[in-house]
Amino acid sequence: MAKNRIKKQHKKLGKAPGSIIYTGEKSTKKLFVEVFDYNIEKCVEKELYTVEEAFDFKHSDSITWININGLNHVEDIEKLGNHYNLHPLVLEDLVSISQRPKIDEYEDYLFVVVKMLYIDKSDNIASEQVSFVLGKGYVLSFQESEGDVFDAVRERIRQGKGRARSMQADYLLYILMDAIVDHYFTIIEDLGDKIEDYEDSIFSGQVNKTINKDIQDLKREILRIRRAIFPLREVINRIEKHESTLILKKTKTFYRDIYDHLIQVSENIDIYREMIWSLMDMYMTTISNKMNEVMKVLTIMASIFIPLTFIAGIYGMNFDYIPELHYKYSYFILWIVMIVMFLGMLYYFKRKKWL
Amino acid sequence: MAKNRIKKQHKKLGKAPGSIIYTGEKSTKKLFVEVFDYNIEKCVEKELYTVEEAFDFKHSDSITWININGLNHVEDIEKLGNHYNLHPLVLEDLVSISQRPKIDEYEDYLFVVVKMLYIDKSDNIASEQVSFVLGKGYVLSFQESEGDVFDAVRERIRQGKGRARSMQADYLLYILMDAIVDHYFTIIEDLGDKIEDYEDSIFSGQVNKTINKDIQDLKREILRIRRAIFPLREVINRIEKHESTLILKKTKTFYRDIYDHLIQVSENIDIYREMIWSLMDMYMTTISNKMNEVMKVLTIMASIFIPLTFIAGIYGMNFDYIPELHYKYSYFILWIVMIVMFLGMLYYFKRKKWL
Amino acid sequence: MAKNRIKKQHKKLGKAPGSIIYTGEKSTKKLFVEVFDYNIEKCVEKELYTVEEAFDFKHSDSITWININGLNHVEDIEKLGNHYNLHPLVLEDLVSISQRPKIDEYEDYLFVVVKMLYIDKSDNIASEQVSFVLGKGYVLSFQESEGDVFDAVRERIRQGKGRARSMQADYLLYILMDAIVDHYFTIIEDLGDKIEDYEDSIFSGQVNKTINKDIQDLKREILRIRRAIFPLREVINRIEKHESTLILKKTKTFYRDIYDHLIQVSENIDIYREMIWSLMDMYMTTISNKMNEVMKVLTIMASIFIPLTFIAGIYGMNFDYIPELHYKYSYFILWIVMIVMFLGMLYYFKRKKWL
Amino acid sequence: MAKNRIKKQHKKLGKAPGSIIYTGEKSTKKLFVEVFDYNIEKCVEKELYTVEEAFDFKHSDSITWININGLNHVEDIEKLGNHYNLHPLVLEDLVSISQRPKIDEYEDYLFVVVKMLYIDKSDNIASEQVSFVLGKGYVLSFQESEGDVFDAVRERIRQGKGRARSMQADYLLYILMDAIVDHYFTIIEDLGDKIEDYEDSIFSGQVNKTINKDIQDLKREILRIRRAIFPLREVINRIEKHESTLILKKTKTFYRDIYDHLIQVSENIDIYREMIWSLMDMYMTTISNKMNEVMKVLTIMASIFIPLTFIAGIYGMNFDYIPELHYKYSYFILWIVMIVMFLGMLYYFKRKKWL
Amino acid sequence: MAKNRIKKQHKKLGKAPGSIIYTGEKSTKKLFVEVFDYNIEKCVEKELYTVEEAFDFKHSDSITWININGLNHVEDIEKLGNHYNLHPLVLEDLVSISQRPKIDEYEDYLFVVVKMLYIDKSDNIASEQVSFVLGKGYVLSFQESEGDVFDAVRERIRQGKGRARSMQADYLLYILMDAIVDHYFTIIEDLGDKIEDYEDSIFSGQVNKTINKDIQDLKREILRIRRAIFPLREVINRIEKHESTLILKKTKTFYRDIYDHLIQVSENIDIYREMIWSLMDMYMTTISNKMNEVMKVLTIMASIFIPLTFIAGIYGMNFDYIPELHYKYSYFILWIVMIVMFLGMLYYFKRKKWL
């Protein structure tokens, strides 16, 4: 997965910087643009299929949220970008999905890249790039495919309850990002479950043959999650310290709240990370313990029967003169001797706690 | 436990930020509010069952400590919060018990979240969230359930000995937090005992089958404790550097003292952490040592009796012509040879220090 | 490789600082100088074989890129350096190929050293030093041998598409460095593939005898790559913060973009690093697992047949009086007993999951 | 030991902050106070048994060093503290011996806590808390029991050689602290010897059964030493940066010298730390090596004699028709065959370097 | 070695700070003082055997380099120090050879301590302390014994080529330090060779019995080298930032160059460090691999011959009625059965890749 991500970047090799090329794999057939234009009094909601229809909202006095789905439609995105005076590098980064979370501060707008994490059909943790442009009175959001993580946000805007419609565009960006960050908790909870499952299976000794590989994959996975989440802390930090009219002072308290959530997630990730790294040690001791048990069985069996076999061998010899052979009770006495030896051995191993 | 903590957060998924939802498990039947209103001359102590009765104390000239128990009564907490002009995010954090220790500085008050650690009935280390609001002349404290860690504080206020009643609200907050931090020492002492017990049992080789899992749990536990205590240092630091009339200069020396205690606790935690991580290695060498012993027994038994059995086998052969078989003393000579071999082997293993 | 690098430095031992001595191994027969002199309107491209021919371009109003290939021609480089007033230490560093990426800020020009990474004929990752001097209106670049990583840049200048010819020398430096950094992605992708191959082969147990050495080499390799790439971040950072007319404000956004790419590469390197370090553990558990299997076979074989052999030995004894020997069905009963024991053992090992 | 330290703290649980309670174990029967009052011309030396006698020295123009031994006499210490206007928290910290090295800067004086390390009767490294109060013209020092680390200092003051009597109180504090820090070198040298002893005994394979536990104790010990020494660097640093008339500029050079010594000690501690952590690995490989040897003996014995026993078994069979049994030289030929096999095996194992 | 170093410090225990005591072991019979007094026009070179002869050079207008060999002649050094107004602590540090690299900035001069590394007769890496005092127009250098690392510097001054004689005393200090730093490359190259030798011998399995100890020594050695080199970076850094007429701005570029070299050396050291730490793991897997091989031989031998021996045992029994014994071809059939079993086993182990 991590490898794929890097391979994608390849498509652009040798291209001029600023070339706008979608590096992801998700192609939506049609561009799908969703517009919310609202203020405290009204809320207009539209679904568009060309970007041109969205141009008019730029100059509205109300707050506008334009959500673009389908990053493979690069020409449309370029048109929209030009209309909103976005820097070519912003457009390039929008569609190049291997970005790490970051914030670029331009004069008229902020450009924020975030990683949305979700659990895909094959039960792995997948990530999708979501980019935001926060300008005066508008937020543009760009997604690879129509997600549903924003559904609660849509509902809140429609209903106009709470602060949702009474505040500025910076607050809109906040609730959008908050929705993504809240989702991280589900992801790490899922990861925690996985780790505990592995712990249990290693502990009970019922590991399947791929455990070695699985732990390695888990390591890779948590490193990828870390990479998606950790830089976001710096992004939020930069938003909090941003000095312009784009971010109002009273909204910063809310960004601080996201920051606190991110720290919580980060701490959990680091704990899980240590747990994963410990799995290998745990597995190693389990193997050693098993070998110990195997060796004990061998040692007990061999230590008991090898001496007995030797004794039997003695009296299987064909010497002309072996006096014991001719006594009447030799055979019975020998059995008694051997049983005593057998029991002695058992007692010895019992005392050593091997049995 | 750590997992549960994260799952709790879930309840809120998709809710608007600022929604005030209690995420813990401890539900007290009734809200229990305790009020101390005192100055150097007098001390009024009341137990209330509605928050409204506490409203009047806001405007008293004396120092007021309102201690609210039962975070599941969110409506009451909201009422109190509105009366004291608390920010919605403060109310949200109050009842969301997965916060990490933090301080939020608002214009009129400081909001501090602390983790109280205690040893629960099943002898595990549990944590409970305690939040404080420090305003001009009052301290609000919020607990999940009525604890007794503040008993000494109550007694000190009642008796009015020492500085307790002669200083301001910032000193009240200090003695409350000091009570919690002092309790950390008990926790880590308990943890230290546990680690030494494990060390002893690993060292003596009398480990039960869950040792592997137990060490893993211990790792998780100390990581959780770290997470509860370490951020508090930054909180105290921020209080010390806080520039407003809420924290008087002469009180800062006392907060410095808490800080010193926290550093002591932190250092102990880090030492215990290294000890826990070493337990696994120690266990591993113990296993290897045991296997070594098992192997030695096997090797000694096999090395002694296999050659002897071979010799016995030789003279059990049925060749027509084996001259030794017909000598009179062959059998006795053979015994002597075998005893010499046996003793030789014993000597060899003795010299190798295997016996 | 790393060792060679250090040995090279040796040639200079005892020489005066500032001595200009080529420490690499690649000697081109002829110095090859390539000049691009362009502005938004025109573009002159020349190939020269003496440095003197390049001197005139210094005073042209247009942007000049002089690309020097063949660092073994130190006298020519010295001449050029004197013509452009380069500090003796710059000339020394130019040809001393064991530099780490760095930037030296002089009054009239910036001196930047970068490591170009590529995969050589024997499929190893090799590095070549590329140095840049950015002055007012010109960029000098110095390479050990004619590379082709700049081909795309040449094409872009010729065609004059995009920003390539409309911007200043600082932008030219940017696209040259961008070409090198973009190439890093190929390198780490290749490295990622190698690691996954090792993981697979360790996991499947089909390791060849040099695996131990191979992992050690891999460790060394990634440390070398890190060393080539990580300091470059600081270099770019310094360029971004550089305060002079050499770097225009509008170009800094582009350098920021390189920085982002470098962070991406760095993060991948660190993930791969952890993976490589884990390979050893993975290999160790594989060995232990194998030994476990070997031991099981031995234990099963020995535990089954040693007791049986003992029984056979009993009835091979030559005592005069062994009643069982003379019963008619003794032999058959014994067979039944032995088969029962055999099956019992099999069942025991089956239950223990050893079979 | 570390555990004890934490348990001590306990005595104070629930007490008001600022309660002055001695938390150590060393009770001197009598308080012993020693006073040096000197300037460049004269030197008065007194031994007192009540603190009141020391009160007069406060106002002397000369430099006064009051050395208090016996922290269990808390009332006396409190009296002295009140006389010198010491903050209640200072008095609390003085007698609470689990402090970490720290400096508290008050208006009129500096309060410094240092850990004195020494090797106790049972050859362990013990620590004792020594506190200093540096005021205008005086130094108070507080020790648990009368040590002798200050003997050289006393002698130097008496003799008045060098700078000892010609400088101010800040220089007196310096020579007192220098005496303690110089002693650290002895401690870490002792520790270094211990580590080398363990290395030698592990290397030679002559480990006693507690080695596992011993290494764990060594780890704990070095962590404790680190904790006693490392914070002192910050203390010295703060003294150097202290801006008041208490620390003269010309004395700071001397504190810098202590700082350099502390860095030296710290570096040695960190080297020893790595060495101790490596001991476990070293021990592990030693165990594995031994097991290897054990296995080789077993394998050689079994591989040689099991096939030979099989051959002997063949000719012990009772088939009616085994032609070899009746040839005259069968037995001798068989011996030759077996000896050849034996030698072949020996050669094989020799070639494999197992012998 | 590290231990010795610490023991040396001991000689001074209890002495007054500022006592000038040589703590090294190298005693030269005679003090040997070498003077270079030069400017761009002339160069006077003298060899002196008393320090007094060197006093006159203090007031010369030209640049003076006084190189003192033989730190055991402390009285002479003290005289010289007093003549040049050196602080007592400088004199103490000069002759106390366990200093770490450092710089002390005094009003009129800089005091720099550097560690010279060289390979001694017994092929170990040894270090010698070299101290410099840089004043207005002069450099004093202090060495334990006459080294030859400055030979190239001497030659350069004599010949007056390049910048050597045309610049100030700060440049002289630079070329002296540069000579020492350049020598570090030889040391780490030697270290790299050693590590590769160990890698090769571990890899080929031909380790001698002290490998465990050798790796431990290597660890210690690289930690010592680190300690000698790493602090020097800070020293150079401080020189670069030094603000006085002692260090001219144009010379700082040259110190920057030393800094770059130090970073290169440091990076190599850290790579080698990781390599050394990996050696232990590599050795461990080698041991395990060997044990695996030993076990395989045992298992194959035992698994093949134990069942066969059992069969032979069966027909060695003396039952009256064993029908197979009397068939004519029993013996031959049995041989066939046993050979088939033998081959079957071989095939089984072949398929398992154990053969």
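Letters A, B, C, D and E mark the chains in the order given here, with residues in each chain numbered from 1 onward.
As a convention for this text, contacts are C-beta pairs under 8 Å (C-beta built on N, C-alpha and C of every residue); 3 or more make two chains touch, one makes a residue touch a chain.
Here is each chain with its UniProt name: A, B, C, D, E = Magnesium transport protein CorA.
In this text the structure is predicted, and so the values were computed from the model without any measurement.
With steps allowed only between chains in touch, the distance from chain B over to chain C comes to 2.
Interface note: chain D and chain E, two copies of one sequence, contact each other through mostly non-matching residue numbers (shared numbers fall below half of all numbers used).
With angles rounded to a multiple of 5, the C-alpha fit of chain B against chain E returns 145 degrees of rotation.
Annotation: 43 Å between the Cα-based centres of chain A and chain E. One finds 26 Å separating the Cα centroids of chain A and chain B. Shared interface positions of chain C, i.e. residues touching 2 or more other chains, are given as 284, 288, 291, 295, 298, 302, 306, 309, 313, 316-318, 322.
Shown here, the protein chains touch around one cycle, each chain meeting exactly two partners. Listing every chain once round the ring, from chain A with chain B next, yields A, B, D, E, C.
Against chain A, the residues of chain C that register as touching in their complex are 151-152, 156, 161-164, 174-175, 178-179, 182-183, 185-186, 188-189, 192-193, 196, 199, 202-203, 253-254, 256-257, 260, 263-264, 267-268, 271, 274-275, 278, 281-282, 284-286, 288-289, 291-292, 295-296, 298-299, 302-303, 306-307, 309-310, 313-314, 316-322, 354.
Those residues of chain A that touch chain C in the complex are listed here as 2-3, 6-7, 9-10, 12-18, 87, 89, 92-93, 98-100, 102, 104, 210, 212-213, 216, 219-220, 223-224, 227, 280, 283-284, 287-288, 290-291, 294-295, 297-298, 301-302, 305-306, 308-309, 312-313, 315-318, 322, 324-326, 328-331, 334.
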